[in-house]
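As written, the chain order gives the labels A, B and C, with residue 1 at the start of each chain.
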């Protein structure tokens, strides 16, 4: 168990999530990609806390914040999807282009 | 311990890949849950008992809410009809691969500083003291953010405006 | 978690859990038949029948997820139980045992939803959704009741929660939290008045399409979850193994049996809560009550 191990896992989760977020058309699947990316951040935060600075609680606070942000992200995301679907019956990213310049 | 960590890491990464490979949305959701739970269990290995269990608890709830929405919004939730819902996979794959190589190189090549301090006997206690003491501002901001999210999600998701009557008191065409 | 665990506990835990599960099923059958003791053999006969029954298949089931859900219910119940002390000490006493117990209860949601989804049938899926809604509504009061316990004890370790009650049981000075715990635990174990996820109005709900060994494992998991939920009230509110004359394990068993009997009796006496009403009960009654209780305990502790 090393810091490098944790960071490699974090990098892998982040990259897989990024692939999903970029390639999926459905907004629900896109949010799964975002969750995976945040999951990578959690792993990195925990690894940094344990292997670099376990004396201070800062790393733990960071992980706590990220876990909360993950929940908020999902709540907001689904609210936006619901509003979008109500207004225009759209659930694909390609169809939601109102803000396109 | 090391073997356990690598086992969990493989499970986590493999189920992360499975999220975007399987057809069924239910399977994708629960593959994502497996990935998150493996991370939660890995946290138990590095003394982060509270955060590990918290991740398990919160992620199960989150993924079930996700399951509800996924059936609401997907036209093919069980994956019974073959259908591809992806766009520019090649660029996405290249970008994701490049990011992974970059991050992995950074993780392996950076000369990390030496470990400062030792894990406290009770990390949960240390976390509690921290968020109720020097890091209280962080938690207060988070609290406000949660409140703002609650209000804005309700505003966004509800179909009814401020002066519309609730559905069971509506008369006329809405009545069933 | 790392210190050596006496082997006796590791053997005694599954035996005790299995024993209580059978007793719960038998007692439920007896009360359900109007206190007719001739119904006592019913659950065992049913178990034997299910063991040899051939599985009924639905169209295009997701077998992997179905099996994961059916087995997950039992696994989550067992994992929730390992932090509860049998007499002097539990199988595992992690520093955050109270949170662990709650997390494993939440894992049951996943198991139930998967079971409802996996059969690819309408009513089981409706049951699965009902349980998710019920779990979300009752998780908050449940969590607040458990936090009250942790606050009163000043620790999330189940062993220290029990030790903190050596003078006064928590049930005496946090009765509201105890009541909220019992109601929400029944909801989390989809038991009694809150059993609509497996209700007869939707043809058995989640377990409607289960047959043969699948159904047996599901039923065993359901009773095991009820036993664990009842047994958790003992270390959290009823002083654990404390009591005169008898040894700690005997008192734990007696108190568990009492809570369990109360829950089963209540299930047959109380009317079912209508699905569209119970979230209101939770949000408007249980959450404010448990928050007030939390405030009172916090003031007392400080």
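In the analysis below, contacts are C-beta pairs under 8 Å (C-beta built on N, C-alpha and C of every residue); 3 or more make two chains touch, one makes a residue touch a chain.
In this text, all values refer to a predicted model and were calculated from it rather than measured experimentally.
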Pairwise touch network: line, ring, star, complete, or other: line
More contacts between chains, A-B or B-C: A-B
Rounded Å distance between chain A and chain C, as computed from the means of their C-alpha atoms: 33
Centre-to-centre distance between chain C and chain B (centres being mean Cα positions), rounded to whole Å: 26
Interchain centroid distance [CA atoms averaged], chain A/chain B, Å: 6
Contacts with 2+ other chains: residues of chain A: none
Shared-contact residues (touching 2 or more other chains) in chain B: 54, 65
Chain B - residues contacting chain A, complex: 1-2, 5-6, 9, 12-13, 16-17, 19-20, 25, 28-29, 32, 35-36, 39, 42-43, 45-48, 51, 54-55, 58, 62, 65-66, 69-70, 73-74, 85-89, 91-93, 95-97, 99-100, 103-104, 106-108, 112-113, 115-120, 123, 126-127, 129-131, 135, 138, 142, 145-146, 149-150, 152-154, 156-157, 159
Complex contacts: residues of chain C adjacent to chain B: 60, 62, 64-65, 68, 94-96, 99-100, 102-103, 106-107, 109-110, 113-114, 117, 120, 129, 132, 135-136, 139, 156
Chain B contact footprint on chain A (complex, rising order): 1, 3-5, 7-20, 22-29, 31-33, 35-36, 39, 42-43, 46-47, 49-58, 60-61, 63-65, 67-68, 70-72, 74-76, 78-83, 85-86, 91-94
Interface residues, chain B side, partner chain C - complex: 24, 26-27, 30, 33, 49-50, 53-54, 56-57, 60-61, 63-65, 67-68, 78, 80, 122, 124
